[in-house]
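Two complexes, one shared chain (chain A), two partners (chain B, chain C).
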Partner chain A sequence: MLTTTDITATVHERINALLKEDGKPVRLLTGDEPLARIGLSSLLLARLIIELEAEFGADPFEEDYVISDVRTVGALADAYVETLANLAAAAA
Partner chain B sequence: MSHPFLDRLKTFGDTEAVVFEGRSHGYDELLRLVDDWRGFLDRHQVAAGEVVTLEGAYSPQACAGLLALIERGAVVVPLSAIPGAKRAEFLDVAQVEVVIEVDANGGGHRAERTGREATHELYGQLCATGHPGLVLFSSGTTGRSKASVLDFEKVLGRYGAPTRPGRILSFLSLDHIGGVNTLLHTLSQGGTVITVAERTPDSVFRAVDEHRVEILPTTPTFLNMVLISGAHERHATDSLRLVTYGTEPMPLQTLQRLAKALPGVRLKQTYGLSELGILPTRSRGDDTLWVKLGDSGFDHRIVDNVLWIRSEMAMLGYLNAPAPFDEEGYFNTQDVVEVDGDWVRILGRNSEIINVGGEKVYPSEVESVLLQLDNIAEATVSGRPSPVTGMVVKATVQLVEDEDRRDVTRRVREFCAQRLEPYKVPALVEIAAAPLHSDRYKKIRSLA
Partner chain C sequence: MSRSTAQSVSPDAVIAVGDRFEDFLVNRGTVPVSDLLARLRSGDIPDGLTVGIGQGLSDGELEEIRALADRLAPAVTVAKPGVPERARQRLTHKHDAKNVLIGPVGQTGEHRFAADLVLDQQVEVLEDHLTGQHIPAITLLEAARQFWTVVTEQFYVTGPDRTRFVIGSVGSTFHSFVFPLAATLQYELLELTRTPVGPVFKCRISIHHGDTLASVIDAEYRVIPEPFSVKQEKIAARQAVSAELTRLREQSAPAMSGDRVA
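Entry: the complex of A and B
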């Protein structure tokens, strides 16, 4: 099972891969960064969520979370951490 | 030979007409720019009835150019920055005779004749009335954009006597019916159009704060990004009295959060199509998607849950497609609606169209680009729900030979990015194990 650290690292890595592809500077993310201020346009954010679903096999925004409530990179990672934990608990 | 619309603008004197790059321009200044444009159009012998592009970013110069072309009786084709191949297609479809590139700082506008002659029957109809025209493009099923021809006098005829001048932020560009409507309606009322260089939540809300914007027309995707960014909390919004949203279905959760985030601001759904104009609407409440479609200049009926609209300012037709009007002049919007008495709730298009953040994508256009790629035998493009932009474009491809999915995705994205607008580039690429069996979706390379 993926740990919180694994999930957070993957979220950060995917964000930076998208920023790099879009010609924007890559940065070391701590989680405190406002999601809207790291250079992700709405199209890139939409792609990020699709890529994370492919990576984790879960989409927190299908039911439990609303994207407009997510303000920071850390809050986005937490949505995946909690969704994956809930899925694991349900499967146990 | 001044146009009555320009005569009306003269009555507003030095009232603020346009704010551009933070600088205010009065009506008197705007009309001086129109006068400069008259000289420019004379020098280039642009005559009534000629089909002319107006290319460039939103600026007072572009606004003045539009007004001068209306006065001249030209058929205006407003274009914003688009890929070269798309621009060439637009010039061809619209039979553009003169291209004009606007210099936002003035003095450096460029005009060039294309050598084409506009002979389309719809232009002939316009010419017979002596009215100026407007050509707007929207996505087409075949991959070629559809060009609507509108009678500019009918567009202007929608705007009544000045009653309540407002300060409105211009969110859409002049190649969109919403952008044209915002500009001309605001000017007809003696109001002020505030422009922004980029449409990020912070730049828009900074402009709301600094320029006391009262009306903010937006899209649901933009409002989603506003809530994520918290831009409305960093800037004063006390001047705002109305936020409108349109061009794509609004998620109810976004609307409800917005109503809480901007208490005291009325939230209203708008509904418009380049073929018909912008309908007057009234929302049942700030946190509901039920809306009443106005009947001033429009009427509608619902057939098998699909909305049909008749409009006094409807286009004359498409330059390159049959127009879907019935014998009584109602236009099939293809939007599926729910009905509750006089209220309707718009559920979205009953068609293959993919609405990405308000931008329309027809699968066939993207499929035909995908089929130009090496190692792709078949391609299917469809919409995939997104919590951010409503939908994104998903491509499913069948390969000729095995290839790593990441390599295929990278090639698809790079290739499409050079040929398509960003919102049309597939956000997701899947590889089909078996041939894509579907009558509509199946595409064979030899047919591409």
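Entry: the complex of A and C
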């Protein structure tokens, strides 16, 4: 089972991969970065969510969250942590 | 001098225009397409008649003019460049054939393309909005949109993946009237940027009546892989609904005791 650290690392990695592909600077993410200011447009964010769904098998924004619930990179990672934990609990 | 009507003009040449363009049809030399077809079918036409194709004719009317002109030749000829066709409907992203506004697109230079304006008078953007003699600007904007869509689908976007075209910006200038006569559109690609969420196009479309530049439309649009566009829209729609529900709940929330009106 994926740990919080695993999930967070994957989210950071995918964000930086997209930023790099878009020609934007990449950086070591701490989680405090405001999501609106790291260089992800709404379309890039959509692509990120699709890729994370392929990775984790879950999309927090399908039902549980709206995008304004996640203001920071850390909050985005937490949304996946919580959604995956809920799915695991439901499956148990 | 006695008052002239369109029907008493010189029989050598007439311009066929959709019947709906009533105000324009007062101009000598124009003829409603229904009148022209009736006369061609009956053979009641002067020898040596040249027919110009204006705007507003349906596919069926165009086809019938083509067939009748062939049958009546050389008494009747259709003026160059002949009876127009419409662009392939699928390329314009329209569901209804009558809403296709342009002819097939040809390449005229590197990143330059041209097409005829070919309006059906039943087109959705004309059906409820026709004032005066000219073609409304909104109709020309839709023709431009179809034009850049066909150019992009036919010449730039390859592969089987489904995409969505999303407009980023449109700016337009209208220098002179476009009447329901022959007109052409020209496309010039100004910039093409590849991004991780699809290419972005900047183009300039000019609309010409003969040698007259009637209108210039600058557009920026993106071709997005459909899954990205669907997800983007889903996220945005849920956000919009959530924000509206919050607003409604705040509106209908009971007043706090300290706020009671004295």
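Methods note: the second predicted complex is superposed on the first by the 92 of 92 C-alpha atoms of A that agree within 3 Å, B and C clash if a C-alpha of one lies under 4 Å from a C-alpha of the other, contacts with A are read in each partner's own complex, and residues count from 1 in each chain.
The rule we apply is simple: a residue touches a chain if its C-beta (ideal position, glycine included) is under 8 Å from a C-beta of that chain, and two chains touch if they have at least 3 such contacts.
Bear in mind that the values here come from a model prediction, so they are computed numbers and not experimental data.
Once chain A of one complex is fitted onto chain A of the other, the partner contacts of A:88 are absent, as it touches neither chain B nor chain C.
In the superposition on chain A, contact of A:35 is made with chain B only, not with chain C.
Judged by the touch definition given at the top, the superposed model places A:45 against both chain B and chain C. Shared-chain residue A:18: touches chain C; no touch with chain B. Contacts of A:61 after superposition: both chain B and chain C are touched. Judged by the number of chain A residues each one touches, B leads among chain B and chain C. By the touch criterion defined above, A:71 reaches chain B but does not reach chain C.
Residue overlap on chain A between its contacts with chain B in one complex and with chain C in the other: 21, 42-43, 45-47, 49-50, 61, 66-68.
By the touch criterion stated above, chain B contacts chain A in their complex at residues 201-202, 221-225, 227-231, 253-254, 257, 356-357, 384, 386-389, 392, 413, 422-423, 427-428. For chain A in complex with chain B, the residues that touch the partner chain are 21, 34-37, 42-43, 45-47, 49-50, 54, 61, 66-71.
Listed in rising order, the residues of chain A touching chain C in the complex are 18, 21-22, 41-47, 49-50, 61, 66-68. For chain C in complex with chain A, the residues that touch the partner chain are 195-198, 222, 224, 227-229, 231-232, 234-236, 238-239, 242-243.
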